[in-house]
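All chains are identified by letter, namely A, B, C and D, in their written order; residue positions are counted from 1 within each chain.
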Amino acid sequence: MRSTLKFAVPLAVAALALGACGTKGGDTATPAASGGAAACGNYKIGMFGALTGPNANLGIYIQNGVNLALDDYNKKHADCKVTLENYDSQGDPTQAPALAKKAIDDKKVVGIVGPAFSGESKAADPAFNEAGLVTITPSATNPKLAENGWKTFFRALGNDATQGPAAAKYIKDTIKSTKTFVIDDASEYGKGLADIVRQDLGSQVIGNDTIQQKQTDFSASVTKVTSSGADALFFGGYSPEAAPLIKQLRDAGWKGTFVVADGVKDQSFIDNAKDAAEGTIITCPCVPADVAPEFQAAYKAKYNEDPNTYSGEGYDSATILLDGIAAGKDRSSMVDFVKSYDKKGVTKQLKFDAKGESADIKVFAYKVEGGKIVGTGEIK
Amino acid sequence: MQNLIDNFFAYTITGLTIGAVYALVALGYTLVYGVLRLINFAHSEVFMYGTFAALWVVMLLGGRPGAGVGQVVFWVAMMFVAAMAMSGFIAVLLERVAYRPLRKRNAPPLIALISAIGASFVLAEIMGLRSRITGWVGLDDNLRDYVRNSRNNAGMPTIIAPQPIFTIGGYHVTNVDVFVIVGAIVIMIILDQFVKRSRLGRGIRAVAMDPESAALMGVNRDRVIQVTFLVGGLMAGAAAVFYMLKIGITRYDAGFILGVKAFTAAVLGGIGNLRGALLGGFILGLAENYGSAVVGSQWKDVVAFVLLVLILLFRPTGLLGESLGKARA
Amino acid sequence: MSDPTPPTTGDEPAVERTLADPADEVTEINPDVDIAPEDIGVPVVSEGERLLEVDEVTLRFGGVVALNEVSFHINKGEILGLIGPNGAGKTTCFNVMTGVYQPTSGGVRYLGKPLGKRKKFQITKLGIARTFQNIRLFANMTALENVLVGVDAHHSTGVVSAMFRLPKHRREEAQGYARAIELLTFMGLDGKADELARNLPYGDQRRLEIARALATSPQLLCLDEPAAGFNPAEKAKLMELIRTIRDQGYTVLLIEHDMKLVMGVTDRIVVLEFGRKIAEGSPAEIRDNPAVIAAYLGVDEEDAS
Amino acid sequence: MSTTTSAPAAPKKSSPGFRERVDNLPKAVKIALWVVFAFFLFLLPLLNIPFITTEGSDFGGVLFTVATYVLVALGLNIVVGYAGLLDLGYVGFYAIGAYTIGVLTSEHAHMSWVVVVPIAIVVAMISGIILGAPTLRVRGDYLAIVTLGFGEIVRLTLVNSEWLGGAQGISDIPKPPGLELFEVPSIDWSSGAPVVDLGTTSTFLKFGINDFVPYYWLALGIIGLVLVFDILVKSSRVGRAWEATREDEDAAELMGVPTFRFKLLAFALGAAIGGLSGALFATKAGFISPDSFQLLLSILFLAAVVVGGAGNRWGVIVGAIVVAYFPERFREFADFRVLVFGLALMLLAIFRPQGLLPPRRTVRAKRADDRQAVLEEGEAHV
């Protein structure tokens, strides 16, 4: 038996190590303390997205919004609380299907906020569709997601197809750029968006480049932009790349306008690019925080910071599901409830069309001024 | 292609700047490989810790330097001290914790690589989880600026404001470009002299050439290995400073890709060969930039790796061959 | 799972083996085991003919001349000694013959045909096998497996045959095991067939190297200082072994430092010094050759003893 | 004749106790034990055994992932464990297998799954040869970086090639044809004791969207086949040639082993198995994108092989289970998964440098012994 023992020990050590670390790590998914009245369904809603790992920030912003909505609901329905079940995909499509199955098998789960990213949506949504479990995504913006005929798919924000043209319009009409350079990060989101902008701007696009995600040295792209004489640059991508890109562009003395989309609408962009971020234009199909001051105040009270990207959408998505629970809906009847939903949320009028897209989409322009992202109004 | 011809000097100078960083990091791989025949997979994290040290020291000392030359010199010096100390420390720690126990047990070489990979994960994750870790020990409030959004980018203020100092082929060469390229070469020369002339340097060469004979001749192998790691760490620290001056933004996983590139540079030049690392770094930086210019930045890494394969096919031991031991005594 | 194997060696070996005293610490060889080369398509030359000719071979490494127009030949069925002081180019000469190095000029002819740029494994297949000065066994494989690798040189089982256990695989495995056991028995290693090579005592490792080389059924067996590290008693046994191997039909090329050993066992001797051939002839002739005496006396007393 | 048991103190020789007792069982009992064990493995996702079953994620899905890792580890073991070639870009072959399925069943054609899987294997194998033919001549450590580059080139090509779906990847990969022979009930433990739950069942080989168990069964079956293949090939001239090459390439060459050819063979076979696992992955996922083939995965694969014990097929299986299962089992500590994994790798390297289950030379030695006995019998009969 000694040989078995020998390899059992390292295993046990590994297991212990895992255990020991974990207890300290804490866990946000605490189940409900106790059930309420007999009629109470002990329902749950699911939060599906990256809560840990490299992409966790976005998921946590959403989760904050969802938790706020739950607090509101549970305050009103103290006798029958709804709990939140987290499905932490780490944004990884590979992990998504098994998590979706887990959510589907838990009959108490009546609706999902998420999946947060487009990739994991594609991996998990077919399963949700088959099981008839409603998903309202607060952040996945790939237009094609709505084209699959999934009857459980809803999107609480505008997709890239609405944002792209607005960005192009802003570049053309407001910035009055004549020579625009377009860069994307080859991601589904960034490239999709950049391609729409390229198409809409047509011949005024004087140069293109594609970078890699996680790239930090952009010297080749910088040379391309500066040598092209562009007066505006649209970047389709996320803030981790946007910050070093604009910093290096400004270091090289480029003076044009930097235009980005909601993937960069993130305080960390300004924190990292510092002065270079000044003047950056950010488009976003999201309502400026000051449009819903109560939400902003509540959020700030709870988390000690301003609502961040998609926090409002997270709040709205959760609110729709919670309204459904309040109206006595269960998993099977929730789909129709969401479909016919029509109420004002903190980000927009919450109403979906036949494909599950938000019916009322406005794209706003923001500008980085004095180290803050300031709304400059709707792009019409 | 036309773009490359028109902006040839722009691509060249910027390629050399990033190449200088590759070269300095590559030295760490090459030194350790020469002495231990080991791919120090975690060396990328040694570099990454250096970038954070450079960033933190700036934050610690007040965040934003004034203009004058004296100020700039002071800040850059502080960055060097902090980054090299941090990277050197991490490199030595790494050797003590991850490699020395294995050496004592005569573990197979592959397992050393696994230990290196493990160490790399641990180091990167500690940095990535630093907000959680400070949270446990109750220092979160005090260290908020240092640990906030620990999975995210961390940027630092501009230390050397880029100023064009001369123009070559239409490209305005900035003070930062010059500082990085010249600085890297100077450091490299110092290292070369150290390995050539100092007693410790001779020890390194002796162990690289023949560990057993070196031991017989009274060279303390453990000490030499430790010094090798330390020197590699110091070089990575210097690279980190140049990187932060040029890029200005780092992240817990910033080392990974850069490490892969630097290792590629080391192999390209001939692993184990100090001058090979320099040459490999510069060539890789240039190749990436030229490649990006011609086929698009998205193929940058592909260009780098294809170049590597081609060179290995025709020169199986890299451009300058592998010879830390024979390093031109 | 194992295949019934037709005995290829007759009855005696089995008997011999059972008689061997297991308590005996020193491994005794079993000279009566028939280990004659198998008929595996290697052309056989009649005794006395030239098996291998080294023809004006020169080898340079950069500026260093390792071999300088060295010529000699090996007759079928003889034991040829290749001697010389340290650094004389003996092993280098071996390496040229086995395809490790390509000569800068000149060439090696085997059975009248030039070896040309054949790869190492192809040369082995032609019938030249060697051992190494510093033992290079497959340390983590068993003694049996080490020998099997040698036998496999003339096998052609591939993935498909192995996967479906086709008759070819079965035939070759059976033949291979039989041959390997035969060789191990001959070397007195049959009791240690399942030991990892690295766990064998030094002397056994040396013998196992010879067995592995013999397993490739060579016409020419090249032994690179097989007696290195042996005491006189062991050396005597080794000489006996080499003679037995020759008597079983192999041609042997022996590199050796130890003059006494070489004198006692070889038919002819070639002497190298500084990459040059300085003498060639019978042991008696070599013993009296002034150039050889000078070379040995001038270099290393110990080696010449 | 002396036996191996009298061997002089071999370092790290595993104690014979358990192993020997199993070996000494009658053949019929051994076969029966194997059958029972195989049966247990097939039923594992439905047994819902407490503690083993993953809480945070669907157990069937997790087991499938574990099974793909096992398959990958078996393939990579041929390359790393047997032939001693350090491959840091194995994910490339995995991706090629998956994308062959994606391209031929969804993106550009709608061929039958049954036809496409062999194609995927062949394509992966060919890519292995294309990569190996020029690079296997370079020395070991260089091979590591070259293969690492290969993995990245494959991924970047996927990201940047519109034809391959770009970053969007390929969706709607069809399910393989099923059989729907019978239903297997699962076990429910919610009452504290096992109860057969006829409500939650898995249909034998109905490849649906929401039941991963049949995919797991499929993967398990394929693992079985690959294992048999592995055992047969390893215990032949081919396996010996690999090992000889790993031990001492020059000596092997001089003993008549065409080492380059065998290295290439190992590379091609490893690639083929990698492609097969990728194909399985794509089949179950239904959606693939370059994100699923990150460089990190190559490193995890290699870790699985080395953690388990490179060269021992049972060891690498254990390694694959450790690498794939533990992070899912301890999902609640998600943020620390990688950290703990890294720590575990370091601890393992220090305290178990040969891997969890080092190659069992003694077992092989024993088998050789049996052969010899048979030989002697044969002789005695004549």
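Simple rule for what comes next: a residue touches a chain if its C-beta (ideal position, glycine included) is under 8 Å from a C-beta of that chain, and two chains touch if they have at least 3 such contacts.
Owing to the predicted nature of the structure, the values given are computational and were not obtained by experimental measurement.
*Asks:* Applying the document's contact definition, name the chain pair with more C-beta pairs in contact, A-D or A-B.
*Replies:* Most contacts of the two pairs: A-D.
*Asks:* Could you tell me the distance, in whole angstrom, between the mean C-alpha positions of chain A and chain B?
*Replies:* 35
*Asks:* Take the average of all CA coordinates in chain B, do the same for chain C, and state the distance between these two points in whole angstrom.
*Replies:* The separation of the two C-alpha centroids amounts to 50 Å.
*Asks:* At what distance in angstrom does the C-alpha mean of chain D lie from that of chain C?
*Replies:* 41
*Asks:* At least two other chains touched by the same residue of chain D: list those residues.
*Replies:* Residues 156, 159-160, 335-336, 339, 343-344, 347-348 of chain D each touch two or more of the other chains.
*Asks:* At least two other chains touched by the same residue of chain C: list those residues.
*Replies:* none
*Asks:* Please list all residues of chain B that touch 2 or more other chains.
*Replies:* As it turns out, chain B has residues touching two or more other chains at 132, 296, 298, 301.
*Asks:* Applying that definition of touch, give me each pair of chains that meets it.
*Replies:* In this structure, the chains touch in these pairs: A-B, A-D, B-D, C-D.
*Asks:* Mind listing the chain B positions that touch chain D in their complex?
*Replies:* It is residues 33, 37, 39, 97-98, 101-102, 105, 107-108, 110-115, 117-122, 124-126, 129, 132, 260, 263-264, 267, 271, 296, 298-299, 301-302, 304-306, 308-309, 312-313, 316-317 of chain B that touch chain D.
*Asks:* Considering only the defined contacts, which chain D positions touch chain C in the complex?
*Replies:* So the residues of chain D in touch with chain C come to 1-4, 7-8, 10, 229, 232-233, 235-241, 243-244, 247-248, 250-259, 265, 269, 359, 361, 364-366, 368-372, 374-376, 378-380, 382.
*Asks:* Give the list of chain A residues in touch with chain B in this complex.
*Replies:* Those residues of chain A that touch chain B are 24-25, 53-54, 56-57, 186, 209-212, 214-224, 226-227, 239-240, 243-244, 247-248, 251-253, 268, 271-275.
*Asks:* Within their complex, state which residues of chain D touch chain A.
*Replies:* 14-15, 17-19, 56-58, 60-62, 64-65, 156, 159-160, 166-169, 171, 208-212, 281, 284-287, 289, 291-292, 318, 322, 326, 328, 330-337, 339-340, 343-344, 347-348, 351-352, 356-357
*Asks:* Of all residues in chain B, which touch chain A in the complex?
*Replies:* Those in contact with chain A are residues 3, 6-7, 10-11, 14-15, 17-18, 128, 132, 136, 149, 151-155, 157-158, 162, 164, 171-172, 174, 176, 246-251, 253-254, 257-258, 288-289, 292-293, 296-298, 300-301.
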